[in-house]
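The following pair of complexes shares a single chain, chain A, combined with chain B in the former and chain C in the latter.
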Partner chain A sequence: MIGRLLKRLSIAEVLLALSVLVLVVVVAVPVFLIFWTALFVDGSMNIDDIVKILSEPDTYEALKNSIVIAAGVTVCSTILGVFFAWLVSRTDLPFKNTMKLLFLVPFMLPSFIGALAWKMLLSPYSGYINKFLMNTFDLADPPFDIFTLWGIIAVETMYLFPFVFIQVSGALERMDPTLEESARISGAGLLTITRRITLPLMLPSIGAGALLVALYSLAHFGVPAILGNEVGIYIIPTKIYEKLHQSAGSFTAIRTGTILASILVISAGLILWAQSAILKSGRFQVIAGKSMRPMLLKLRGLKYPLLLVSVIYLAVTVLLPTATIFLVGGLKTYGLELTMENMTLDNLKYILFEWQMTKDSIWNSFYLSLAAAFVTMLVGTLISYVIVKMKIRGKFILEFLGVLPFSVPGTVIALGVILTWSGKFGINIYNTAWIIFVAYIARYMAFSLKSNSAALEQVHDSLEEAARACGATHWQALKDIVIPLIKPGMVAAFFLIFLPALRELTTSVLLYGPTTRTIGVAIYTLNEDGETVYAATLASVALVIIVIGHFLIKRVTRTSNEGV
Partner chain B sequence: MKKMLVVMIALLFALSLGAEAFAAEKLMVYTSMKESLIGKLRDAFKKKYPDIQFDYYSAGAGKLMAKIAAERQSGKMTVDVLWHSEVPDFYQLKKEGMFEKYVSPEAKHVKSTVKDPDGYFTPARLGTLGIVYNTKKITAPPATWQDLLDPRFKNGYGIANPALSGTSFMSVAMLVNNLGWDYIQNLKKNGARVGHGSGQVVDDTASGDLKAALGVDYIVIDKIVKGANLGFVYPKEMLVIPSPVAIMKGTPNLSAAKKFVDFLLSKEGQTIIAASGTLPIRSDVPVSTKYGLPSPDDAVKRAMKLDYLATMAQKESIIKKFDAVMRGK
Partner chain C sequence: MADIRLLNVTKSYGKHRVVEGFTIEIRDGECFTFLGPSGCGKTVVLRMIAGFEQPDEGEIFIGERLVSAPARRHYIPPEERRIGVVFQDYAVWPHKTVLENVIYPLTIQKVAKEEASERALKTIAMVNLGGLEHRMPFQLSGGQQQRVALARALVSRPDVMLLDEPLSNLDANLREEMRFEIKELQKNTGVTILYVTHDQEVALAISDRVAVMGTDGRICQIGTPDEIYEQPIDPFVFRFMGVSNFLPLEEREGRLFVRESAAALDHPIPAGREEAVRKGRLVAGCRPFDIKLMPPGRGTQGVVQRSSYLGPIIDYAVTVGGTELRVQQSIAEALAGGGPLPEGSTVGLHFPDLKWFEQEGELTQAGGAA
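Coming up: the complex of A and B.
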C-alpha cells in the first residue's frame, strides 16, 4: 500500500522531504534552540551576559579543566597508540596478530566502569593498590591519588588510545614499502627513513586519530564525573550536569548550560574541520593495496621484553579493572577484605530479581537501544540514499544537515532535547522513555549515516538503472536491488548503534526520570549514593552483556556478509 | 524477519510504556530514603493495596528538589508524594502553595520536634545522625562533638555535602546553631572533608578512606548488619531530624497518596521504619536498641534546637558559607 501511495507522489520528493524533516526535528531544532537560548534573552541578543557567565570562577575553571584534560589525553593516547601500532605492524613482535586484536579490547570496556574500578584501586586511603603499597613499604601517605586531573587523564587514555591505534596501524600496513626501500638503497639510515619518509606519511593518520581522541575526551562525561565531581574538578559536560541537577532547573542554570553546550558544539565543529583538512592534505600519500608487505624491524633481544611490556600494559588496564569490578561486586559490603568468606552471590540475586530500580534499568537500556538502533538504521538508510544516490534540487540542505549529527556531543543533544520536548511545542515527553529514545536517534544518527553511505557508494548506479530499464518501478528497484545489496551495511549500522547505546551514560544521565534509568545511569547513581558494592555488581552484569553482545555481532555480521 | 522485528519492537514499546497508562491507580513518591528503607515499605504497601501501581524515585534531597523545580517549569508533574529530610524545603513549598492539605487520621499519634499546625505536611520518621567510625582505624570511639577535633581524626573526618543531602544540611545548620561556626572552622583545621551524598561518606568510612563521618542511622546500621568494619555512636547532644511527608497539590492520584501517607504513619508502617534502624514517630512502636538507637522520647529530649523557619531563609547562605569554610576559599 505504501508502495502504491509513493508511486503516485514523486518518490524522490517524498524521500527528500522525509529525510529533511527527520533531521530537522531530531537534530537541527535542538541544536538551534541551544544557540538561541544561549544568545538571546527575551528576544534580544545579550553578549554581556555570556561574557559574565563565562568569567564566573566555576565556569571558567570547567573550561580550563576541559582543555587541560582533552590535551593531556590526546597527547598520551597518541604516544601510546603510535607506539603500539608500530609495534604490531612494523616489527617482528611475537604473536602480533593476537596482540593486535587484544589492543582493541579496551574499547569494549565502558570507560565509566573503568573509572569506577580505578577509584576502588587508587582511592587515596582505601584503594586496594594504595593500601597494599602502604602496608608493604610502611608508608604514611598513599602513593597515588586518582581524584586528580592526572588520574582522569590516565584513565581516559587507557580507554581512548585505540582510536589512534586503529588509524595508525591501518595506515602503517597499507603503506607502500618501496618508498622506504628506495631510501634505504640510497643509503639512508633507519632514523633518517623514519624521520623523512615514514613519519611524514603517517602524520595524517596520527592527526586524524588524535583529533578523534580530543573530540571524544572533550565531550566525555563518565570518567571526569566519577573521579572529579567528588573533589570539585569539573569539565564542561559535568558542569552542565551539575548546573541542571543542583540549581533547581532555573532559567539561569539552563542558560549557563546552553552557553557551555554552544562552546562544545563550536569546538567539536572546529576539531572535525581540522580533521577533514588533515585527511585531505594527506591524499597525495602513497598508500597502496593489501599485497604490499612492509619490511619489518627485527627487535632481536628486545623481542620478548617488549611483548612482556604489551602484555603487562593490557593486564593492568583491562584485566585488573575488570577483575576488581567482579570481586567488589561480590563483596558482602564495601570495605571488607577480598577474601572468600566475604564473598556472596546475594548482591547479584538482589539486583537481578528483587530490586525494581536495577531490574528496570537493564530492561530500559535493552529496549531503548534496540528501538533506537532499529529506527536510526532505517532513517539513516533513507537519508544516505537521498544523499548518495539521488539527483534532486535542494539536496545540499540535506548534505549540510547530515554533517550536523557528527559534531554534536551527547551532553548537547540531551540539553537540546530537553529544550525541545518539554512542552514548548505542545509535546511534553520529559521524564518518559520517549525523550531518551529521541535523544538516542539524534546521538547515533552519525553512525548510521556513515555505515549506510559507505555501503551505498559501493552499489553502482547502473544496477538500479538496469532494473528501471526493465520496467521496475523506483520502489521495486529499491526493494529488490538496492536494499539486498546494502544489507550488510545496514546490519553493521544496527550493531554500531545498539552496543554503544546499551552502555550509554552521557546523554541519559541528563534525561532520566524516576522509572527510566538506563544501566549506565543506574551504575552512576548507585556509586553516587554510596552503594559502591551494588554499583560494581550491576557493572559486572553490564560487562557480561557487552561481551555477549560483541560475540553476537561477530557471528551475525559474518553470516550476513556471507549471505550476499 | 524484518517485519517480525518491527512487530517485536512495537510490542516492547507498547508493553513498557502502556503498562503504566492502564494501571488503575498510580502513585509516585519522591524520597531521600534509600532502598533499604523505602524498599521494605513498598513491599508492604503493595501487598496491602495491590491495585495501586506504586513507584518511587530515591535520590538526595537536593536532587529531588531540582527535579521538582524542573517539572514545575515543564508543567508536567510526575511526583505525587514528597518525603525527605530537609525540613525547610517543606516550609518553603507550603508557602508557595505546592502542597495539598491533608491531616491523616494517624497524625494524632505523631511525636516530633516539628509539627505543621495547618496540616500540609506530617513528620513520618525521626532521622538521627551520629558519628560512624572505622573500627580498624579508631579503637576508642569518640564521645563528644569536640572529640572530632582530636589529632587522631586528623585528615579523616567527613561530612556529606549539604547541597546534595538534606540530612547533612540540617545537621550542619544544627551544629552551627549550637556550637557556632568556630566549630566548623576547627573541624576544617583538623583536615575534615566534604564528601558526596550521605551514603557515600558511610561507604568511604567503611573502606577506610575516612576514619569517621557524620552518619545517618539506618544507612550505617544496614552496613553494620552486613558485616562492615563500622562502629556508631551518638554524642549527648543529638542531631534529630524529622522527615516530613507531604502530598503535592493537584495530584491526579489523591486517594492513593492519602492511603500511602496513612500507611506510612500507621503502626504497621512505623514498625517497618523502626526495624530498618531509624526512629519511628510513634511512641507505641518499640525501637530496636541493638545498635545504640535511643527511644524517640529520649531523642527528642536530647535533640539540638533549631528554628526551622529562620533556617529556611538562611538555607542558601549556610550552604555557601559551609562550602567556603570547608574548601578553604
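Coming up: the complex of A and C.
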C-alpha cells in the first residue's frame, strides 16, 4: 500500500519533502519562534521594548561579559594553540607524536567538569591550592580567585585551545615545504621565513580555528555557570538560564531570553560566515595535499626546557583537575584534607546504587544519547543524500535549512523547543524526556550532516547510476550500493553524536524536569546545591564512561574502516 | 537488440542550451560513435538515452519503445530501459567482488542462482578476467576494472550498450588493446553500441558510423569512418580528425595563390568552387603527410622554419607566404632526398591531396589533436 503510494510519488519528491519537514519541525520552527517572540508583542513589532530590555543593567552586563570572555578566550586559545602547534610540527621537540596526542586530550574532557575541579582548587577560601598557599606562606588573603572573568577565561581556554591547535598543526604539516625552501635559497633566515612566508600562509587556518573558539565560547554554558553564577557574573547563555529559572516561565522572562537568544543566533551566523569567507580565501593557497617533510627548527638548548613547559602545562590543565575530581569524589565530607584516611567508596556506592536521582540521570543520559544519536544519524543521512546527490527542483530550500543547525547554539535550541513544544501546537512535552530528545536531534544535526555529506561526496554519482542501469530501482540502488558505501560515515556520525550527548549540559539544563536529569544536569545541580562531593563522584563516573567511550570508538571506527 | 532514435531532443541547464533539436537514428546492431570536443553535449545525449537526464523537449525511442517524451510527461526510468552503461570512471562497486559486481544485474532480475552465476562466470571469461572472480576491485588494475564494468553491462544481454569515454583513463597500450576487444565483443553479441569519445583514433577504429559534434551541440557530419576522414564536410570536422593545415587562397590571372603572397599553387581552380574563389573565401586543407617535399624551384615555394626528428618521421614547420604548415616526411624519404632539410632552407611543396572548403570564420592553423 505504502509501497504503491511511494511508487506513484517519485522517490526524489518523497525524500525532499521528508527532509524539509524534519528540518522545519526540528530546527526552523524553534528558531523562527525565538525571533518572532523577540520582535513581536501581541502581533505587532516592538523595537522600543527590545532596546529597553537590552539597556537594563543585568542584560547589558551579560552582553558585555559575553564579548569580554569570548574575546579573551579567543586570544588566549589562539596564542596557546599556535605556539603548541608550531612546537609539535615545526621543531625537533622530543616525543613529538606523543605530545601531539596529549594536546588533544582536553577536547575529550567536559569543560564544566574542569570548571568544577578548578573551583575546588582555586575558590578564594575553600580552594585547596589557596588554602595550601595561605597556610604555607601565612597569607591573610587568598592569592587566587577563580570566580572572576579571568578565571572563566583561563578555564575555557584550557579546553578550547585544541580547536586552533588542530587547524594550525594540520595546515603546518600539509604546507608545501618548497615555498619555505625557495625563500631560504633566496637567502632569507629562518626567522624572516617564519614571519614573511609561514605565518601569512597559516593565517586562514589560524583565523578559522580562532573563530571556532569564539563561537563555542559565546554559546558555552558550563564554565561560566559554575564559576560565574555564584558571584553574579553572567553571560548570554547563563543569563537566559537564570531568567527562565527564576521567573518560572513568565512572559517577560521568556521574552528577554528570546532577545538574548536572537543575538546569539545572529552572532553565530556572522562568525560562521566570516569563517567560510576566510577558508575560501585560503583555498587556493599553497597547501599540498600530501604530507611532506617540512624543515624543522633545531631547538638546541631549549629542547628540554620547552618539553618541560609542555609537560607542566598538560599536567596542570589535564592531570591536576582530573585527579582533583577523583580525589574529592572519594572524600567523606567536602573540606577534609586529601589524605588516605579521609577517603571512602561509599559515595560511589550511594550514587550508583542507592540514590534514585543520580541513578536516573545516568540511565537518562544513556538512552537519550543512544536514541538521539541513532535517529539523528539516519535523518542526517537522508538529508545529506538529498543535498549532495539529488537533482530536484526546490533543493535550495533544503540547502538553506541545512545550514541552520550549524549556527544555532545549544541554549537557543533549548529555548526554541520550549516555545515550540509547550502546547503551542497542541503538543506539550515540556518536562518529559521527549523534549530533551527533540532538542538533541536539533543540536547534533550539524555533526550528522557533516559526517554524512563527507561520506556521500566520496561516492561518485556513477556508482549509483551504474546500479540503475543494471536494472536496480532507486530504492535498490540506495540499499545495495549507496548505504553500504557510506556506512563508515554513518557509524562515525553516530559516535560523534553519542559521546558529546552523553555529557551534554547546555541544552539539557534548560529542559530537565523532576525525573529527567541527565548526567551533566545532575552534576551541575549537585554542585549548585552545595553537594560538592557527590558532584565530584558523579563527575568521576562520567569521566570513566567518556574515556571508555572514546576507546571504544577508536576500535569500532578502525574495524569498520577496514571492512570497506 | 534495438535501434535508438532521437527526435528533436533539446536540453538546457539554466540558460545554457546544451543540445538543441537533436535528431539521429542509431541502427540496430551497429557501433555508433559520438565524436566531439569536451563540452559539446555528447555525454548529455548519452545520459538522456540512459535515462539519467530528462530532455526538455523531443522524443527518445529505444527499439519500438518510447522511453522519453516530456511533452506527454512520459518517462521510463533507467532500470526499465534494458541498457548497459559503461562509465569513464569504471564505476565498479568497491565493496563487491568481481563476481558480485557482474552478477548484480541478474540478482535484480531474480534470475535463478545457478543460472545467474553460470552466466556471470561466462561473461567474466568473455572479457578475459577468468580466475579473478573473487578479487576486490582495489586489487585490480584500471584496465581490469574497466573489463569488470564491461562484463557487468553485458551480462543481462541488454538491447543497447552505452559507453561514455570508457577508455580515456587507460594508458595508450591498454587503450589500443581494449578498443579491439570492444569491437570483438560487439561482433560476438550483436548488441547495438553507442560510444561517446573525444578521441578520433578510437572513433575511427571501432565505429560503423560516426557523428562528429561541434562545440555548440550540433551534429556537423554523420558517416562511416572513411567518409568522415576522406570527405570532411567543413574545416571543423577536418581539423578534428587529426593534425591539419589550412591554406587560404585567392585567384590572380586564372591561377591560385596563397592569399596575400607570391606563393603560387600548382593546382587548377577546382570545379564548382569558382564562386568561393571570386569572393576570396576558398581554403585548401591537407594533412602533414599529404604534402610532398621537392627541390626548390618546383611546386609552391616555402621556407623550412623548424625541423624535428621524431623517430620514424621528420616533422617540419614550413612557411608558405604568411602561412605556417606542418609537413611530415618518413625517414626513408628524407634519406632518399639527401637527408633532413636544414632549418632556413628553401623547399618546393606539392599538394597531391587537397580538401576544398569555403571559409566562414577565422581558421586556426595546424589545429586538432596531434
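Basically, the second predicted complex is superposed on the first by the 555 of 564 C-alpha atoms of A that agree within 3 Å, B and C clash if a C-alpha of one lies under 4 Å from a C-alpha of the other, contacts with A are read in each partner's own complex, and residues count from 1 in each chain.
Throughout what follows, a contact is a pair of C-beta atoms (placed from the backbone, for glycine too) under 8 Å apart; a residue touches a chain by one contact, two chains touch by 3 or more.
Remember, it's a predicted structure, so these values are computed and weren't measured experimentally.
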By the touch definition at the top of the document, which applies to A:Ala466: first (chain B), second (chain C), both, or neither? second
Who does A:Lys52 touch here: chain B (first), chain C (second), both, or neither? neither
In the overlay, answer first, second, both or neither for which of chain B and chain C A:Gly423 touches. first
With the two complexes superposed on chain A, say which partner A:Gly335 touches: chain B (first), chain C (second), both, or neither. first
According to the stated criteria, A:Leu485 is in contact with first (chain B), second (chain C), both, or neither; which is it? second
Chain A residues touched by each partner, larger count belonging to chain B or chain C: B
Which of the two partners, first being chain B and second being chain C, lies in contact with A:Lys349: first, second, both, or neither? neither
What is the contact status of A:Tyr367 with respect to chain B (first) and chain C (second): first, second, both, or neither? first
Across the two complexes, find the residues of chain A that touch chain B and also touch chain C. none
Using the touch rule from the top, collect the residues of chain A that touch chain B in their complex. 123-126, 131, 229-230, 232, 244-250, 332-336, 342, 355-357, 363-364, 367, 370-371, 374, 422-423, 428, 430-434, 513-515, 525, 528-532
Can you list the residues on chain C that touch chain A in the complex? 50-52, 77-80, 83-85, 87-89, 91, 93-95, 104-105, 108-109, 149, 152-153, 156, 162
For the chain A and chain C complex, residues of the former touching the latter: 460, 462-463, 465-474, 476, 480-481, 484-485, 564
Which residues, counting only chain B, touch chain A once they are in their complex? 5-6, 9, 12-13, 16-17, 20, 28, 30, 34-35, 39, 42, 55-60, 62-63, 65-67, 69-71, 73-76, 78, 134, 156, 163-164, 195-210, 219, 223, 226-230, 327
